[in-house]
Amino acid sequence: MVGVGVMGADHAARLAHRVAGAALVAVSDPDMGRAAAVASAFAGVRVVASPLALIADSGVDAVLLASPGSAHEEQVLACLSFGKPVLCEKPLTLSAASSLRLVAAERALGRRLVQVGFMRRFDPSYTRLQSSLSSIGRLLVLHNVHRNVSAPASFRSEMIVRDSLVHEVDVARWLFADEIASVSVLAGLSSRSAPSGVRDPLVAVFRMAGGGIVTTEVFINSQTGYEVRCEAVGERGSLFVDAPRPLPADFLSRFASAYDLEVQAWVSSCVEGRAAGPGVWDGYAATTASEAGVRSLQNGGEPVAVETPS
Amino acid sequence: MVGVGVMGADHAARLAHRVAGAALVAVSDPDMGRAAAVASAFAGVRVVASPLALIADSGVDAVLLASPGSAHEEQVLACLSFGKPVLCEKPLTLSAASSLRLVAAERALGRRLVQVGFMRRFDPSYTRLQSSLSSIGRLLVLHNVHRNVSAPASFRSEMIVRDSLVHEVDVARWLFADEIASVSVLAGLSSRSAPSGVRDPLVAVFRMAGGGIVTTEVFINSQTGYEVRCEAVGERGSLFVDAPRPLPADFLSRFASAYDLEVQAWVSSCVEGRAAGPGVWDGYAATTASEAGVRSLQNGGEPVAVETPS
Amino acid sequence: MVGVGVMGADHAARLAHRVAGAALVAVSDPDMGRAAAVASAFAGVRVVASPLALIADSGVDAVLLASPGSAHEEQVLACLSFGKPVLCEKPLTLSAASSLRLVAAERALGRRLVQVGFMRRFDPSYTRLQSSLSSIGRLLVLHNVHRNVSAPASFRSEMIVRDSLVHEVDVARWLFADEIASVSVLAGLSSRSAPSGVRDPLVAVFRMAGGGIVTTEVFINSQTGYEVRCEAVGERGSLFVDAPRPLPADFLSRFASAYDLEVQAWVSSCVEGRAAGPGVWDGYAATTASEAGVRSLQNGGEPVAVETPS
Amino acid sequence: MVGVGVMGADHAARLAHRVAGAALVAVSDPDMGRAAAVASAFAGVRVVASPLALIADSGVDAVLLASPGSAHEEQVLACLSFGKPVLCEKPLTLSAASSLRLVAAERALGRRLVQVGFMRRFDPSYTRLQSSLSSIGRLLVLHNVHRNVSAPASFRSEMIVRDSLVHEVDVARWLFADEIASVSVLAGLSSRSAPSGVRDPLVAVFRMAGGGIVTTEVFINSQTGYEVRCEAVGERGSLFVDAPRPLPADFLSRFASAYDLEVQAWVSSCVEGRAAGPGVWDGYAATTASEAGVRSLQNGGEPVAVETPS
């Protein structure tokens, strides 16, 4: 494991206690104290000072990256160079150019090694919706709501797009089985509970290449609970992912099963030598859409085309 | 009563049987057979050949207009010239210029005589939401869904904006207590249940003058039921108008109570010589927003500013 | 109108302002000041000192009784003796023997003059469920929840059965189109918000003559809101009456439309000289079931058979 | 693993693929072909002809029993005699006397070795409700709905109590942290979709020792979907476990996460040498309540006291 912040610590416990076929053997984190604390919580876990040393370590068969997005490109490239499977938390990287380099590197290798951490694709309520789509005819419109109780002051408007909205970017691509053609991100009235200067809530509109339309409200200082909902509207009806009530406190609680299933699927795929789940192309496509979203937000909400290379 | 189509016939029964303080005395309709049929269903109701003759009739104290929108300007002006209160079904008229003439005419008269038929302002579920708004802090975002089972082939895309979406236009103005600054109407994939050439569903985005954002899906050939929902998102929570289950078949069933309360409020206001409910200005403002919506739809969904005169 | 307490005052405004075909001409109440206050709120309403004088009054065509249940027998009999239609608030009377005398008196008269105030039969959500029953096959089980925010200390356990649960008694008879064969009323833990000695909540189980089963929770000091819900379970699915959210404060707000439609139906039936809605037999059957419920409550919840005369 | 029917095969995949700390090494089933098929689906799994030989096998550290309830007593006793932890599917056994022998045997051993498969205690929606109970004050009433699409003809009325209702028995004991004092099981109208002679749906009422009341509808041929719901009513509000929509097809789908978490908790507890989850006492208490339920059903729904030994 590289990175043992909130998400990484949660994954460490998962790897150690709730996943078949894996053993947590080493962790690395810039905060050595934090790394030591996590390591000591489990039996037989070493602390490795440098992420690249951990990736190169011969005792490490596969790598889970829960480091910041800014560190992902270098670390994923290292995994690829050692031929080690990697589960990389979202976002894949912070720029389309960077993500595209990872697509190219994996393609050069000739086999899939990268899974990107879009856990909603493993959430039972989302997979139930996805597998029921045929019952409502062709999918036409998708509505999403994505609310957090509150966010730290360091969580700026652009991060709402890159770190929060990116989940709906992936959900839209997955449910429509289509690419996003353009993105608008509108900022209107901001809640007085949001830190000064942060535009929150945001309303995003995606237009899919094939014509589908996606609306999303992202509201990270909603004061109420962690509330993620989705309605898929087809030609013959609509399907819902509802939020559990009472609302869970945060994403770790709401998506605990999804993370378990995601990491299990990854570990199983490593053991069996095949790839599973969303890959480096999905991560890249999400990054290009996020980039378009950030530009739209900066331009007052104008639709920005998403450049999709062939 | 002028106009005894589906809506008018429903109102006739309401006036005759379910409203205090009113007597239905005369009806007019271009289809004289239809007018005679409605008149004969109730005691003491005359058929008057021309709408203007009905409005001028000394036995008529107040007029309910359920005629097509294209006839409204002339008929409302006639009511104003005779100083008679009028309840005019939505839309007020089909163009902003025309609606503005009605605003000017009523203003010249110096007193309110026109109520516009935005019945949702009287619906118990909407009024409950509206009166609870203070519990969620400042209103930030509004999400609407507006679905019909199916529509006749004559119901073209522009009419979805003018006749269906206009309800959400009024709801947005009412709940935000604010004017709409711009409107986008996006057409994406159309359902194969929609008549050829009709863009359905549509997704509209309104930006309010004060910054609020409104999203609306209108889908008039949804194949499922009459499904109108609303979520008002504030700084401290959100409130819902949910659709009853099983879904009602149509608006007359879903909004039966709203129509009763609307017409009762109008009749009571006539008796007491005061105005009630949404007025000619609300009708005009809705027409300007609808016009902007039609232009946006024609321009591929670009936001169109709503011109609001002082 | 006889009786102008909370319910009566609400009905007075309804008769005066929201119902076609009626004029409120006289009110009577033991509290003369309250009667005078209600009368003065409307034009042309006289205060009559005695209920029986009001019923006998030649200017009174029909009578709405919103007096206490203990006064109903004498007042309904007076209405019958004058051949005047009467809408009697529930419960019809406080004993089966007394209610049976009213059944006999109306039968002796040879025509229906009594409507009993079970307003849920007019509520749009209940009528929608009732008219959809055929879609779920034969009705097998009914679940009800009936909660009030709080009740005055004078509202004893027996009154929870006679005044609150009696609504579910009527709903069960109406939806099953069947009589109730036996009633159990269980008292378990009582909320510490209930007045001392009051058993609240109660759980009732009805067995219908034809085999259907009905469960009802009545909780009149629930502290949350006025929450009435119903689920009808059939051979091929179930249907719901859900509570609106946010929860309404009380029954006058929740059932405003139902009361409007109920009183309108009564007035229209008076004008047209026919009977409508639940009648004296329904009132009697509800009283017998309530009596059985009170006995069950006193006997620790044992099922008590409901005696149904032929 | 002993028993590889539907439930056992599901658990086998779980042990092999989704649980940390366990290896599936041997299976046993009276149907040797079925056992061989399951064994061959995973690497390194032996088929052992007799359950008792499997339990005694020195390569087996812990045993998961998914055999029929009638086989549980002998098999659990064998596990206890070898000092091996056992996860026994519900019901623990088919008679209170038999379950009590297991309680005594484990007690004689001096340490907990038995976990009983009440997986709802691990379901995220149930655990969220349970951990939120303090927010609604003292728990007063519990309402449950438990529906299956259909059941095989071999599933008789008594089995609805022993195999289906037993889940609500355990949920009631868990949420109230109290024993059940008496049970009524009412059979009313049976669905014509139920096999001949099977009383379905059933309505059960439990009275808890401390006064709480529990209502449960069990309907195993509901034709609609697998629908499990729960409402916990407290002094200051109520909490829900809702059914996901669209309804899942069966319990394996609805409770997949619960089973994963249950088996993981069991495996972790085996590794760490401590006990977890519902134990042999819970299994025994559930059996006594089920027995009372079966007797009540046979006696026309009369309440039957649950004998709780000290």
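The letters A, B, C and D name the chains in turn, as written, and every chain counts its residues from 1.
One rule holds in what follows: a residue touches a chain if its C-beta (ideal position, glycine included) is under 8 Å from a C-beta of that chain, and two chains touch if they have at least 3 such contacts.
The structure presented is a predicted model; accordingly, all values stated were derived computationally and were not measured.
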Chain D reached from chain B - shortest hop count over touching chains: 2
Cα superposition angle of chain C on its copy chain D, in degrees to the nearest 5: 180
Chain copies touching (chain A, chain D) - same or different residues, decided at half shared: same
Label of the chain whose CA centroid is most distant from the centroid of chain A: C
Whole-Å gap between the CA centroids of chain A and chain B: 43
Distance from chain D to chain A - Cα centre to Cα centre, in angstrom: 36
Distance between chain centroids, defined by C-alpha means - chain A, chain C (Å): 56
For chain C, residues contacting two or more additional chains: none
Overall pattern in which the protein chains touch one another (line/ring/star/complete/other): ring
In contact (per the touch rule at the top): chain pairs: A-B, A-D, B-C, C-D
In the complex, chain D residues that touch chain C: 137-138, 140-141, 143, 145, 186, 188-193, 201, 203, 205, 207-208, 210-213, 215, 217, 219, 222-224, 233, 235-238, 301, 303
Chain D residues within the chain A interface of the complex: 15-22, 124-125, 128, 132, 135, 239-240, 242, 244-246, 248, 253, 256-257, 260, 264, 268
